[in-house]
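Common to both upcoming complexes is subunit A, partnered first by subunit B, then by subunit C.
This part shows the complex of A and B:
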C-alpha cells in the first residue's frame, strides 16, 4: 500500500491561515471555541453527527489537561492515529513539561506529537477541511486553537499497469487515483531541483486537489502564468475528473478537437515535462492533463520513445494514414460510388456494381447503417461486463457482418470499408482524438452524400481553417505547420524522438503575442532568457 | 447579434440541402457501357451506334451472387440516328437503366464507315465529359461493328476487354498492330499526317459466336483476332498493311516495343529467332532540287532466342553477322511498309510534319501537291542492329552436319 501524505491540502490550509491572520474575524471565518466540549459538539453537529467521524476524548499524559482527537474513519491511517497521535499524547507525553511556561498547544506541537506534518488551526473552515481530508485534529481544553496531524491513508488502489495506453516495451506503472502517488511517480523520474509543483483547490464542495508540475527554465513563464490564472478563476461546485477540468480550462469551447491531452502513463508525463510542457494533476483520476499540445502530438505515443527512430517514424506515418482512413474512409467510398464512378478502375467498378445489384439502399444509407451498427457494437463492447463480451463479438461479426451481406442488404465492399475505418480509428493513440474523428466522420459522410468529392473538399477546408484557429494555452494548435517551423517538424511530424529528445520545440519559446517570430531566434528577449539557459547545447 | 449569426449560418447550411444529391447516381441504376460500335447505314447519312453494356452480375463470381456464370456477360443495344449522340440517347428506349459512358474502353468502327470517312466522327468524343479520349479504336475488318461486338469470347468477360486486351498485348509483343486512341486519331486528323488503326476481324461463324455455346467450347466457334493496320487517306480507309509490312509500319512509326524477327542461317531459311528488346526510330528530311527525300534511321537491340542451326555466337564475327542479317531484315520490312503507304498516298509516318519542321518555308509551296510529292519521294532506310545476348547459353547443342 502506498500512503502518500496529501501535502497539497495542508499547504493550502496553511496559506489560507497566513493570509487570513490580520483580519480573521472580519473575513467571516468562525474562530474556535475555547471550551473543549463546545468544540467537540460543534464539529459533530457540523458534520451531521456522521458515524464515520471518530471523536476521542482523553487526557494528555499524566496531567489533567483534557483533549479530544477528531478524525474520519476510512480515509485515515488507523495505525498512525493510534501510534503516533493517541499513544504519544496519552502515554508518552511527560507531564513535567506542562508545568513550565509553555502552553499546552506549543508543547504538543514541539515535543509530544511525533507526526511529520503538523499545523495549528484557528478557524472552523480549516478544521473541517483537515478532518475531511483525512487529518487528525486535536482540540485542547481552554485553547481556541487546534492542532492537525497528517494521518492520511486508508484503502487505495495500488500502482498497476495502465489499461488504456498499453506499450510493448516500456515501464509498466500507471497513475492511480491518488494525486500524491501520481506526483511521486514523476518525482522519482525527474530528480531535478527545477521541477516546480503548484497546488490548487478546485470546487467549493469537492475541494479537489489539483496541482500543476513543470520544469522551471524549460517552459515559458507566461504559459505557466496563463494556466495559473485559468485555474484560479474556476468557480464551480464540484470537480470530478480531469475531463471536467479540461473543459473548464481549454482555450476554445466550440470545437470537436481536444486541445489538451491526457495520459495515465508516468513515463509519458515525464517526457512531456522534459519537453517543456505543463502537467495538471487532478486528485481522484489516473488521467492527468498535458498542456500545451499540438494536433500532431495526439498521434504520438510514448512507445515512440522506446523504438528505434526509423521504426518510430514509420509507425508515425502509419498513424497519420490511419487518421485519414478513419476520417475519410466511408465518405470517399460514398463519393466515388455515387458521384465519381469514372474514377474507379473498370474491373473494380464492375465488381462493386455486381455487389450492389441486390442492395436495396442508396450507398449513403447503407454506409450510415453499417457505421451506426459498428458504433453501437463498439459502445456495447466497452460498457458490457467482460463475460458477455464474446457474445457481442459473435453477434457483431457473424450476424451483422456475414448475414447482412448474404441477405443482400449490405454489399461486402461496404463491410470492408466500415471494418477498415473502425480498425483505423483504434490505431489512434489518443482516445479523445479518436472520438472527435469518429464524430467528424459522420459529417464527412453527409457532405459526400450531398456533393461528392466537392463536399468532402469543402468540409475539409472548413475543418482545416477551424483547426488553424485553435490554440492550446495560447500556442497554435497546428504549430510546426501553421505557423510553419520546419526545424521542429523533424520531431513533431516525422516522429524522430531520440535525436532531439530533450530539445524544446521552437514555437514554445514564442508564445506571447507581442513577440515576433524573428526576434526569438536571433536575440532572445529578457522574458525568455531563463528558457534559453535551460536549453541543451 | 449572436442569434442572427447562427441563424444566417443555419440558412446558409440549409442551402446545401437544396441541390439534393446533385448529380448523384447509384451504381445499381446505371448501365455501364464498355464498348461502342459505330456503323454506317448504307446510302444514308445515318449512323448505327451499338452499345455494349456489361452485366456486372456475370463478371463477378461470388458465392452469394445470383447464378454468376449463367448470365450473359454483355448485352448489345443498337440504335440508328443522324448523329452519334442522338443515336446513343435513342438507345434509352431499349435500355432499362441510365447509360454511363465513362468506362467505355473501345470504339469499333465498321469497315464500311471507315471507307466512307471517319473525319467527323470524333467531335462528340472530344466534347463529352463522360467519354474518354484514351479510348482504343479499332476497325472491324470485313464486317460491321455491331456484329463484332456481339461475339462472345471465352476467357475474357466482355468482347470489349477481349479486344482491348488483344490490341495491347499484340502491339507490344508482336508489333503487327497499333494501339490507337481517339486522341491519336484527332491529332493526326488535325495535323499533316494520317491515322493508322488496327483491324479486328471475326473468325469462324459469327452468328454462332453470339450465342452462349461459344463460351462452352475449347476451340471457340467464333473468335476475334487482330488483323492488319488500316491506312487512311483524307480520312477514308485506303488500304490495309498486313504481316511484315504492318510490322514495318510499326517500326517506322517508332512504336516498336518488342517482336520476333526470323532470319536465315546458312542454308536454312528463317531458322533463327531474334527477339527485339529495344528499338528507336528517327526520321530526317532532305530537300534535293526541291524534291523531298527522307531517311529513316532505326537503332535496335535484340537477343538471340532460338536457332535451328549449329552456330556458336561466342565469337564477335558470328554476332556481327547476326546483326547484319537483322538489320537487313528490318530494312526490308520497313521498305515494304513505306512502299505500301506511298502507294495509297497516305502519309502515315508523319513525313509532312518532318518537312514542315525542317523546311518551314518550302513546306508552304509543297503543301498543295503534297500527296503526289509524298508518293514519289525517295525514302532511305538505315538500320543499326545490335545483338546483345544469346540467352542462357552460347553454343547450340545442335551439332554441325559434317561431323
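This part shows the complex of A and C:
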C-alpha cells in the first residue's frame, strides 16, 4: 500500500497535463523529438547531467525497436522499475503481436507495460515533471511521444505516533510527510462516497502537491469554491510547508491569531471533515490545515472525543480559564500592585508589601524581567538537545527564580505569577494560539502598567473587536458567540461536550451574512440531524 | 474586505440592552433621584417602547435609508439636510458627554493622579477602532460584552445578596410623596434618558434585514433592560438607603464598596468600573457610529470608515473642553436633557411621523 504513496498526487499532476496538453502545445510547449538518442541527450542535458538520473537503453522484446527508460534514482522503487518496466519490456514483450497498423507506443501501452498507471506524454514539460516526481519515462525510437509508468517509491518515514499532539486515549497513528499516505489514512476512516478530494499544484519551482478534502453535503459549496479560488490564485515560486500555505490563504494578514488550524492527527482531521470543515493536505509536511475554524475551536482537543462528555466539558472550561490566566495573569498583578492596592485584601496586601520592600523595581519592570527570562528559558528548552533541554529549563527556572528572590531583585509573589502564567499557556491545545496569546500578554502588561485595570479593559475591548473582525474562509472568527448561533448553544446545553454536539455545521449555513436571516430558520433541523447521524460511534 | 453588513436580531437585542445600561446603570438617573427611581423606570418604559416602535416603523417604511435619508425624503432636502447636520452635532455631543461621565468616575475612583485627557484618549481609541471596523464588528462585540456584562451583574448581585446588606425596608414607603414626583421623574426625565436616546438606532436600521421583527426584538430588549435597570436601582436603595442613594454621585459605586462577602469578595469596585467602561464604550460608539453614518450620508462619503478618525477626535476634544468640573458638566447636562433631548429625540420624530403620514395619505389618494 505504501509503496506508491504518491500515486494520488502524481495522477493529479498527470491529468492536468493531459487536459491542458493541446492548448499548451499550441502555446509553444516544446514537443519531443522523434529520434531516441536526441531525446535521451536532451533530457540528460536538461536535468544538468545529474548523476542520479538513470538512463537505460534497451531493445523491446525480440523486435529490433530501440527504446530508452529514464528514471531518477532514490525516488523510484527499484523493484518496480526492474520488474514491471524493464523486465516486461525486454523479456516478456512478444513482438509477434506487433502488427503493422499498431504503433509500438500503443502496443506497449495496451499489452506490454504491467504497471498500474500509464500515461502518454507529448511535451518536455510533462516528461521532466514525470521524471522528477519519480515516474519512469520510456522513449521509443522514431516516436515523438513518450510513455510513463508510475514507479514512485523510495525511502519514506513510516506512520508513527504524533509527537506534538499527544492524547492519552485514542489512535496512535500520525500523518507523515507524504500526501498519499495522509489521504489514505483519512480514506480508511471515512468510507463514504461523498468524500471529495480535489488536487492542486502550487509553486512554480517546487510543484508541491496540495489537496483539499471535504464531505460533500456537509460543507457549504460556497466555502469550497472560496478555498478553490484562493488556492488557484496563489502565484509563488515555492511552497515548503503548510505554515506557508496558511499565510497565503488566510483571510486577514494583520493579526496575531491563527485563522486556520493545523493537526498531525488523522483522527482529528476525520472529526473535522465529519463536522463539515475542509482539510488542506500539503505534500511534505505532516501538519495539514483545517478551515474554516472559529476561535473556540482552538480550545478543543481531539482528546475531548475520547473522554466522557462531562469530563470533556469540564476540561474545556479549564482551558478557557487557563487562557484567561495566561493572557491576564501578570497584567492583573501589575495593575493591582501599581494602581489598585485597595482591591487586594488587607492581610495579603501587607504580605505583598513586605515582600516588595526590598525590590528596587516597579512591578511592571519586575514582571517584564521575569516574563522575558521565562520566554528565554522556554525557547532554550525547545532548541536544546532533548537530554539537556529539560535540565536547562527546570534548573534555570528554579535557580534563577529562587536566586532572584533571595537577592531581592524579584518578589516571590511575582515568581508565582509568572510560573502560573507560563504553565497556563502550556494548557492550550493549539500551539499557534498559545503563541499569539504570549505576544498579547506583553501588550496587556504594558496597558496595565500605563492605566491599570482601565488599560486592561480598553485593550480587551480592542482585542475582542479585532477578533470579531476576523474571518476564517469568510466565516466570522467568533461564531457561536458573535454572531450568536442559538441552535448551537442549545446543543451545547443539551449534550454537554462542546466538541461533540455543539459543532459548527449550523454556523456554516451562514456563509454570507445577508442570506442569514430567514433561510437559516428552515434549514437547521435537517442539517443537524444528518450531522449527528454521520458521526461514527 | 467588502462584506455584506447585516445585523441579526440577537445582535440588535444585545446592543439595545448594552446601550440602555450605558451610564444609566452607574449614574443616578432622573433629575430628582429618589427612592422611587426603580418605579419611575418601569413607568417610563412604555414611552421608550412607543418611541422605539416609531423608529421601527420608519425603518419599515424606508428599509434602505438612514435616518438622514428619510428625514430628507419626508421634509425635503432643504429642511432635511440642516436637520441631519444638527443630528451629527447632537450625537457627537452626547457621545462626548458619556465619555466625560466615565472619565470623571474613573478619576474619582482610582485615577486621581492621571490627567483627564489621558483617560479620555485611552477610551477614544477603541471607539475609533470599532467605528472604523464597521457596524458588523460593533454588534458582534456587543454580543460578547452582553454575556460579560450579565456575568458581572450576576456576580455582584449574588455578592450583594450574600453580604446581607440588603434591607427591603429601605424601599418603603413606596411613593411616600404621592404619585406626582415619581411620575414627574419618569416623564420626561427617565423617558428622555436613557429611553429616548435609543433614537440613534435609526442609523443602523438599514443594516437590520429582518424589518418585520425589528419592533418585537427591540421591545423585548427594552423590557429586559428596564427590568434589570429597575432592579439595580432598587437594589441600590435597599443597600444604602434612600438618603445616601439620593446624594451619591455614583450610587452603584457606593453600594458595591459596602459589599463584603465571605471574607474574599471584598472589593468589587472593579466590577462597577468595568461595567461603566463597557456601558459607556457601547453608548459612545453607537453615537459615534450614528454621527459617522449620517455624515457619510449627507456629505456623500463613499468610505464611511475613514470618518471614524475625525469624529473620534472631535468627541475627545469636546469631552475635555465642554466643562471645567463634574458639577458644571452635570448642570449643563440637566439643561440639555430638558432642551435638546426632547426636541431631537422625541418631538422631531413625532413631527416626522405626522408629516410622513400626511404625505402618505396624500399620495395614496393620487392615482400613482
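Keep this in mind: the second predicted complex is superposed on the first by the 476 of 537 C-alpha atoms of A that agree within 3 Å, B and C clash if a C-alpha of one lies under 4 Å from a C-alpha of the other, contacts with A are read in each partner's own complex, and residues count from 1 in each chain.
Everything below uses one rule, namely that a residue touches a chain if its C-beta (ideal position, glycine included) is under 8 Å from a C-beta of that chain, and two chains touch if they have at least 3 such contacts.
What you see is a predicted model, and the numbers here were worked out from it, not measured in a lab.
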*So, A:339: does it touch subunit B (first), subunit C (second), both, or neither?*
both
*Just subunit B (first), just subunit C (second), both, or neither: which does A:452 touch?*
both
*asked:* Applying the document's definition of touch, where does A:353 land relative to subunit B and subunit C: first, second, both, or neither?
replied: first
*Identify the partner contact of A:396: answer first if only subunit B is touched, second if only subunit C is, both if each is, neither if none is.*
neither
*With the two structures laid over each other on chain A, which partner does A:405 touch: subunit B (first), subunit C (second), both, or neither?*
first
*Quick one: classify A:465 as touching subunit B (first), subunit C (second), both or neither.*
second
_Under the stated touch criterion, which partner chain does A:154 make contact with: subunit B (first), subunit C (second), both, or neither?_
neither
*In the superposed arrangement, which partner chain does A:251 touch: subunit B (first), subunit C (second), both, or neither?*
second
*Which of the two partners, first being subunit B and second being subunit C, lies in contact with A:478: first, second, both, or neither?*
second
*Residue by residue on subunit A, keep only those touching subunit B in one complex and subunit C in the other, then list them.*
339, 342, 451-452, 455
*Given the complex with subunit A, which residues does subunit C contribute to the contact?*
1, 3-6, 8-11, 14, 106, 110-111, 114, 118-119, 122-123, 125-126, 129-130, 133, 136-145, 147, 209-210, 263-264, 266-267, 269-270, 273-274, 277-278, 281
*Of all residues in subunit A, which touch subunit C in the complex?*
251-252, 339-340, 342-343, 345, 451-455, 457-458, 461-462, 464-466, 468-469, 471, 476, 478, 481-484, 486, 512-514, 516-518
*Would you mind writing out the residues of subunit A in touch with subunit B in their complex?*
337-339, 341-342, 346-347, 349-359, 362-364, 405-406, 408, 412, 449-452, 455
*Which residues of subunit B touch subunit A in the complex?*
16-17, 19-28, 30, 32, 34, 54, 56-57, 59-60, 62, 64-66, 100, 102-103, 105, 130, 157
